[in-house]
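Which chain is which? They are A, B, C and D, in the order written, and residues in each are numbered from 1.
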Amino acid sequence: MKLIFEKSVSGRKSYSLPKLDVKESQIDIPEHLVRNEAPILPELYEVDIVRHYNQLATLNHSVDRGFYPLGSCTMKYNPFLNEEVASLNGFKFIHPYQEESTVQGALELMYELQEFLKEITGMANVTLQPAAGAHGELTGMLIIKKYLQENNLGHKNEVIIPDSAHGTNPASAVMAGFEVVKVNSNNEGRVDLDHLKSLVNENTAAIMLTNPNTLGFFEKDILKISDLMHKNDALLYYDGANLNAIMGKVRPGDNGFDVVHLNLHKTFSTPHGMGGPGSGPIAVKSYLKEYLPKPVVGMKESGEYYFDYDISKSVGKMRSFYGNFLVLVKAYTYILSLGKEGLKKVSELATLNANYLKEKLSKFLNVAYPDVCKHEFVIKGTSLKDYGVSTLDFAKRLLDYGIHPPTVYFPLIVDEAMMIEPTETESKETLDEVAAIYEKIVEEARREPDKLKEAPLTLPIKRLDEVKANKELNVKFD
Amino acid sequence: MKLIFEKSVSGRKSYSLPKLDVKESQIDIPEHLVRNEAPILPELYEVDIVRHYNQLATLNHSVDRGFYPLGSCTMKYNPFLNEEVASLNGFKFIHPYQEESTVQGALELMYELQEFLKEITGMANVTLQPAAGAHGELTGMLIIKKYLQENNLGHKNEVIIPDSAHGTNPASAVMAGFEVVKVNSNNEGRVDLDHLKSLVNENTAAIMLTNPNTLGFFEKDILKISDLMHKNDALLYYDGANLNAIMGKVRPGDNGFDVVHLNLHKTFSTPHGMGGPGSGPIAVKSYLKEYLPKPVVGMKESGEYYFDYDISKSVGKMRSFYGNFLVLVKAYTYILSLGKEGLKKVSELATLNANYLKEKLSKFLNVAYPDVCKHEFVIKGTSLKDYGVSTLDFAKRLLDYGIHPPTVYFPLIVDEAMMIEPTETESKETLDEVAAIYEKIVEEARREPDKLKEAPLTLPIKRLDEVKANKELNVKFD
Amino acid sequence: MNDFPYLPHTQKDIEEMFSFLGIKDIDELYRDIPALFKGELNIPSGLSEIEVKERLTDLAQLNKNMEEYGIFRGAGIYNHYIPSVIYPLASNRNFLTAYTPYQAEVSQGTLQILYEYQTQICNLTAMEVSNSSMYDGASALAEAILMAKRINGKNRVLMSKTVHPEYQEVSKTYVKVQGMDIEQIDYLSETGQLDLADLTSKITEETSCVVVSYPNFFGVIEDLKVIREKVPSEVVFIVVTYPISLGLLEAPGKFCADIVVGEGQSLGNTPSFGGPGLGIFASKKKYIRKMPGRIIGETVDQDGKRGFCMVLQTREQHIRREKSTSNICSNHAFNALVASLYLNVMGKQGIKEVSLQNYHKAHYLAKKLVETEKFKPVFDGPFFNEFVLESKIDPELLNEKLLEQHYFGPLILKNFYKEMGNKVLFCATELTKKRDIDFLCSFLEGLS
Amino acid sequence: MNDFPYLPHTQKDIEEMFSFLGIKDIDELYRDIPALFKGELNIPSGLSEIEVKERLTDLAQLNKNMEEYGIFRGAGIYNHYIPSVIYPLASNRNFLTAYTPYQAEVSQGTLQILYEYQTQICNLTAMEVSNSSMYDGASALAEAILMAKRINGKNRVLMSKTVHPEYQEVSKTYVKVQGMDIEQIDYLSETGQLDLADLTSKITEETSCVVVSYPNFFGVIEDLKVIREKVPSEVVFIVVTYPISLGLLEAPGKFCADIVVGEGQSLGNTPSFGGPGLGIFASKKKYIRKMPGRIIGETVDQDGKRGFCMVLQTREQHIRREKSTSNICSNHAFNALVASLYLNVMGKQGIKEVSLQNYHKAHYLAKKLVETEKFKPVFDGPFFNEFVLESKIDPELLNEKLLEQHYFGPLILKNFYKEMGNKVLFCATELTKKRDIDFLCSFLEGLS
């Protein structure tokens, strides 16, 4: 379809402003600092804009449209209630530099959310400041860095990360000034404990773990790992991307983790917004409290809430202001709606759904590892290679059936991986339908492999030329 | 697609209510009056509902999707601003029986809207009570009926209505207790003055006119018609469906009309909502003021607004409460946004668009009448009959091009009629594209008439079996 | 030109269009009008969005609303909870900015929604057919009475005095020009229910229909079974209902109602100062050809695929003109969509639970109010979520005092029934909180 | 089971699924966990929608907001008008509930929107490439400094003291662990502009980048032309900007900025207590492979039809892991959509007009405030919509008094710059009304 710029007609407008009600002043800006050519922006009337976005919306898959099992992304249903309350003027139209007395409601909400997250993770202190999961990782790793420096352990510069980890883990560790050491997975899809032991040394600063990991398995040796690390003055970092499997069932804090990040946009059902905003709070053990970024929200004895900037060894600020506040409102609302029993049920049903679908798919596809999984599982697509069909082809064919493919080619340790996270908000009927579609496509792969190789066949657009895109790099319209 | 009932699963729910916080009373209702089987309603969880309606929305054409030129329906763009302000709690959550002192804002809005509508129509008094255009017609005709009765003209029982009129006109006249007499159109598409003269007699109660009429033509003999009627103690009723052509250009009140209805959902851009709600205020000359339905909104000298029930010869009430208030809010907002100059421009551009498109289409289709039109015009589809193609076929083929067909087979006096009202909110480029599509389909009719006869070809559904629908009358799901 | 909102035309567009039409001036397109309006409309000039929004916000703030104030008033428009999914889904612009589904192939969204709505209304009322919406409860009742005449050709209407007074007024407006007249049937002063003896005595050969309200305007639940027994089968039995009550009360269809009408606002629609509401209209299938309004039916397309379209259009004004069953054209489809969404969210269990909560809240309120000794019970008939009490405090004063406490008090009945003196009509819904009830009662105890 | 919201599972579903899996108890699926949490989380039980909504409404009402209060405060988050079309269109759930466009064929909506956004940002800033969003202005700046190091391998940052203090803090957090250090460049006390001599004296061989804010934190417009002349070409020139000002001010790209970053909240995003905002990040094309964040490019599909996909993913963490240009994954695409919508609505003319209105309102405000004689001007450099005045009234007292009048007063600068004493930072936008300014001034005249 046309770009919005291609719909522009000189002289059209859709904005309206009141007439200037004050006397115009002279523009006393040096001439060379005054813009002499208006920026090239579309000139449109309102109807153009409305129809443009109405049409664009039809081109997106979304949770509201159907099944969206992106592994490790937790594409669960996002309640309308959360959107409704987050759009109250008392949340939308408050300024970060208002007097604290005028934002007591916002502070109370943040304080309570801190408390909830402490309880869910089993940790002592929380900052809501990080804007996203990766931002939380960076925050957490900076906390670890600073802690080590302050405690004469500044030489510790190696962070151990499993080969199954999210790409953000090594990237964050490096941004925090560490070097990355890779630990292998064993044939059960968990951290290879022997390999880990061989890697731990005096320079080991920390291990970053996702638990359940990206294969959907709980690191059942977690207590041993925790002992091993702590004995070597190394810390445990918990990547919360997969927390959806374990709320109320097991707490990272109880398993020895020192720093935990959460993805509110995953576990706590705030919408993913085509890529964001998310929110990535960090929870720490009490001994790391003084390293949190400034400020956190505190409560005075009077019951008044305030921003606490008195954090002696703080890593500093991670972003302006206090976090993605509107996202916090939605997550808080979600927790109030579900409550302790509901959150536990969420995790149990997320796990039940994943095991159910895994078992169904295992009849005609290879599950990477056979064990009971948690919220997600990984299919090894190599069996399709006999028909010349790749995981990518399989994924593209799924599009023709109106469902979103899983995360593909990740984790890296599984060939032709498909990483499937159904989430708890999908019904048994949906899972049954999905299994039937997968089975049909496996059958198609056998009988009509070209259908898969050319897929998608039924969408407004066919497979895109990514090579051309990267070679020509047309990243703006001229 | 599936019906919502077919998605129901016993035991599912998506409602939530607080626990009852009061002591339960005994149910002291006689047993036979207590429901013993819960009504068959779907049992769903929230995601089912969300996806159901998300999918249903993709199956509808709408103004926000594209061109929607239903003649006499004025499918203009509906501003988001209007929806935003109509959703303020101070409008949505007020009770009709609140003390007047607690709804002064609502009353002020209604009062001002009454004033605006008086000015636009050139009339003396307004009621906002009718819920829709046809409801306004009935109200207006009841006013005329009562006026005649009160003035010893109760024998006048004939209402003259042109053969080009909307079906609501005769239906409303009959509901108001009149008999209908049809006056012919002349070969210019206007009321045949000679025929009219022959029909007027001592029993003539009124004439109902749409002006411009459904062919898009202004009744240029309106002053003569007005004289003729008034000389015979008959009244003139103005059907405001087509007011969009003449705001600020000519006022029905100045042309001798005694009663006028307006369609706020047409001229004043409140959305059509898949069929309604609309709003059909009635404006009258001052001598009919005492016949309006109760109440109207008045202003005291103190500046306080109130419901005025002191209407001595009122026809009574036409509906509960005061009208479709939220629709009034939107229409009021629209008038404030456009202002006097803007409303006039609306009509001028609606007329310009219609004439432009008419001229373009006249190159390859037959315009029913050649004259300059106002906001709409009518195509006579008979030229397509040579190819075995009907107006219906043509209309269905338009669907394949993503634009909505015009009103078809109406007005009844034009064979194979297509009644096109582009409205002022469509751009020249859209009109040019539309003309190109029409031309292409005319060409298709010539070369591949089957394409039209089988159309639509590209939609999720093909042409429907209306005979079966009417024969089997499956009007509820069992 | 482009200084007006929502108008796409640039100066250049206009010049090109003028040139194409061979005109120099827009008034050349108005040349057939004998007397163009010369002046300027006495309406303000257009305002910017910022100014318009400010003006409307100011007006809205002049109204006290039920989100800020507690309310103990119902009488036809009720403050029920609206689940959060409803308006965002209903307001999808592909619903909101579409019109009557004249072209079924691009209106399957609308058509399926209305078909589902019809089914829900039939199931809720235990009737066989429903139309796809009328304007409101009052006009739906008026249309039902006109339909009764189409069914049996008779002209006399017997209307319970406890039908909503505004519905009675509207019915009168509609039907008297058709030569019909309306006679009231009294209620029993002990129970607040229909006076069966009065009914029996007034039924004649000329009776076209009997209209009762269930529950009635006083909140009292009529015994439809015994009433139906008194109404001869050739007389059309019309029941006005309040849909939320039907989660608890037996459906009127089970008592062989011929036509059921009602106000559907309570099904998810905001109170909105009384409009737009939703006219519910359901009937027996044998009368379907006499029904007013649009009806949607299921059918198949050329490939045999399920689809929906309007049926029995030959009853309607756009086809039948002066011989149509009603003049209705624009209806309240959007409000029907909202109601349908509400019924989907509440579902089979929810409608029952919400109905029960209304019952219990109202009964608790009644009990507590009587305990304050500021009120006396009036009727001993069973009631749903509204009830009449006699106030020892002057009702106007009472409501004035309550308003100061940010509550809308009960409806003052003498404004509707002269004989009612100090009697008032209280209402509670699932949104009425115990703490509000308790506050109210303790506040009243302090009043003298 | 189905008593929890958003969970579809009925008891029967669960039984069937258990049976299919051959388990009897959900904990069989947790059998690999060594120490299951035994207790109950110390979190309240779930609440109904009605209760949750009431709780959140109560919390929201404890906050004074800018729709009720006037505001003369900016400092990074601004109260601009948000046209009514923006949020309803942006909130389309097919945008809101989608994620990163990993599958381009079912994400063309997202991809085209972000491509259009990138183009708008490039055009607004006169830069060649833009990414598709960062978290906020502060972290965008920090990433820009890290990028400068990737460009020239150097470690010393020269940062204008008048860059937003929070951005400076965030930059410090990000870059010091990379061995970079930040040195401040002073401002001139007369003009409030960068001290060019200080800049020149501090530039060395080791300088990686120079960061200036345009306008700066005091609202003063830096002379980018003369600054650029002082910055050697091998030093990366980073400009922090406020996009609304660019309707009036020459674009930073015209002064050969290497990287332009900024907070995009002002482009249609609500203030939201400071988050989520929008990190704008634009650069020269030659540095595109060094850029952080997601970038969308145009391409064609197999039929040659235009389409969009992510490009240069090999820079990103999900491919490049520890060697990626940044760890960013979730970004602020939704806020970019809002900003893009805003720029579409305002268009070429609107962005200029709104920018000018900000200028004129602020200058009127400054003039009037000085006329009250309660304030003295501080800087004589040109300013956009913010300016510093020295208050003769104690700033805390001033703001306390203004709060009583339902105004948020100016920012108290000593909280950010110790040397600032009684100096305050006022802001006006197109939403600041003359009547508020006049009220403010007359109120201040009455203060002693």
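Annotations
To be clear about the criterion, a contact is a pair of C-beta atoms (placed from the backbone, for glycine too) under 8 Å apart; a residue touches a chain by one contact, two chains touch by 3 or more.
Note that this is a predicted model, so its numbers are computed, not measured.
By number of C-beta pairs in contact, A-D leads over the other of A-C and A-D.
Measuring from the averaged C-alpha position of subunit C to that of subunit D gives a distance of 48 Å. Each chain gets one centre point, the mean of its Cα atoms, and the points for subunit A and subunit D are 20 Å apart. In subunit A, the positions touching at least two other chains are 9, 12-14, 16-18, 45-48, 50, 54, 58, 64-65, 77, 79-81, 83-84, 337, 425-427.
Of all residues in subunit D, those touching 2 or more other chains are 5-8, 13, 47, 49-50, 53, 57, 67, 81, 83-85, 88-89, 91, 93-94, 430, listed in ascending order. Taken as a graph of touching chains, this assembly is complete, with every chain in contact with every other. Against subunit C, the residues of subunit D that register as touching in their complex are 49-50, 53, 57, 67, 81, 83-84, 88, 91, 93, 430-431. Of all residues in subunit B, those touching subunit D in their complex are 9-14, 16-19, 45-48, 50, 54, 79-81, 83-84. Of all residues in subunit A, those touching subunit B in their complex are 9, 16, 45-48, 50-51, 54-55, 58, 64-66, 77, 79-80, 337, 425-427, 429.
Residues 2-3, 5-8, 10-13, 47-51, 84-85, 88-89, 93-94 of subunit C are the ones that touch subunit A when the two sit in their complex.
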